[in-house]
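Residue numbering begins at 1 within each chain, and the chains themselves are lettered A, B, C, D, E and F in the order written.
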Amino acid sequence: MPTIRVEGPVLTVEKKRELARRLTEVAVDVYAIEHILVLIRENPPENVAVNGVLIADRHREGKA
Amino acid sequence: MPTIRVEGPVLTVEKKRELARRLTEVAVDVYAIEHILVLIRENPPENVAVNGVLIADRHREGKA
Amino acid sequence: MPTIRVEGPVLTVEKKRELARRLTEVAVDVYAIEHILVLIRENPPENVAVNGVLIADRHREGKA
Amino acid sequence: MPTIRVEGPVLTVEKKRELARRLTEVAVDVYAIEHILVLIRENPPENVAVNGVLIADRHREGKA
Amino acid sequence: MPTIRVEGPVLTVEKKRELARRLTEVAVDVYAIEHILVLIRENPPENVAVNGVLIADRHREGKA
Amino acid sequence: MPTIRVEGPVLTVEKKRELARRLTEVAVDVYAIEHILVLIRENPPENVAVNGVLIADRHREGKA
């Protein structure tokens, strides 16, 4: 059973529903396997850093 | 040090205690290594999807 | 930067290219973020088990 | 579907079969869920370090 | 883009900032790649077990 | 025991030794915990995509 783990910022339930449905469609097509598991992780911005700077701090400085 | 990561629905502390103890016993046996790390992850039902449908939505429809 | 980790059976490079492109399209849409990282893991069938039986053994018995 | 990811040194197929079967039994008991996915990862000793020293180097020095 | 995932006990934002900055510096040096992603995970002590005993229970017994 | 998982391109053993030693030093400092586990993953360039394009394909086009 292929599994897909997505990590990113917080999502609404509606967005999670769309994300899971559409990622699964892609995986079913490419693997030609029906059973797909999707796990969504929502990381708070103080727990992620790009190039050494926490996302929480980048936002503070007005950078995305 | 072998590590075991388990992801599933929310558990009581008593269940986590049992899960960690018993998974460790199995790993000690199979690897013949004493030091085992177990990490438990509890995923909310709106963050997991099987076959494209969120667990949260499946429950709503009366399916497990 | 949202990241997507996909784990499943071995794929051709052409399939990986399609998988990465299409998963990224979905993530860009849902997160409204351009930068997406995709990691593909290919697990040999003796390293994955569903319901306690290795995929390698299920294949041997003619089950998918 | 609870998933279990085990990482450790290289195993024979027979050991993987036992590991998957027994870890699944524990998870079925604790979660009271039948469907369990087990993924086994085998890490070469130069890709794992305990307390800053690669396992490959510890072996060289006669320490396990 | 190399990614670093760190899992451990809860940290202050100041500690996360230092951790992300310093881990990134090391990775930039070793990989000679500028773009580094760091993800920090904070595990509650009842979700981690060493040698079969939850950290939460070890603390209770006065062991670290 | 804090764990650090690093994923990136292939490294020499010498580079892995340095990476593990230096990442561990940082983690020991920040967590004030001695025992640190480092796991290194080396991803082939056809298994990683940035912004929907496999690293393997980007290299072909002369982009890093």
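What we mean here is this: a residue touches a chain if its C-beta (ideal position, glycine included) is under 8 Å from a C-beta of that chain, and two chains touch if they have at least 3 such contacts.
Please read all numbers here as calculations on a predicted model, not as lab measurements.
Chains making contact with chain A as well as with chain B: D, E. Repeated interface: A-B and one of C-E, A-E or B-F share more than half of their contact pairs by residue number, and that pair is A-E. When the C-beta contacts at D-F and at E-F are tallied, the pair with the greater total is E-F. Under half of the residue numbers at the chain A-chain E interface are used by both copies of the sequence. Between chain C and chain D the centroid-to-centroid distance comes to 20 Å (mean Cα coordinates, whole Å). Our note on geometry: chain A versus chain C, Cα centroid distance of 15 Å, whole angstroms.
Shared contact sites, meaning residues of chain C that touch two or more other chains, fall at 1, 3, 7, 37, 48, 50. Contact between chains, per the stated criterion, is found for A-B, A-C, A-D, A-E, B-D, B-E, B-F, C-D, C-E, C-F, D-F, E-F. By the touch criterion given at the top, residues 13, 16-17, 20-21, 24-25, 28, 34-42 of chain B touch chain E in their complex.
Those residues of chain B that touch chain A in the complex are listed here as 7, 43, 46-54, 56-57. Interface residues of chain C, counted against chain E in their complex, comprise 1, 3, 37.
Across the interface of their complex, chain A is touched by residues 1-9, 11, 15, 18-19, 22-23, 26-27, 29-31, 33, 48, 50 of chain C.
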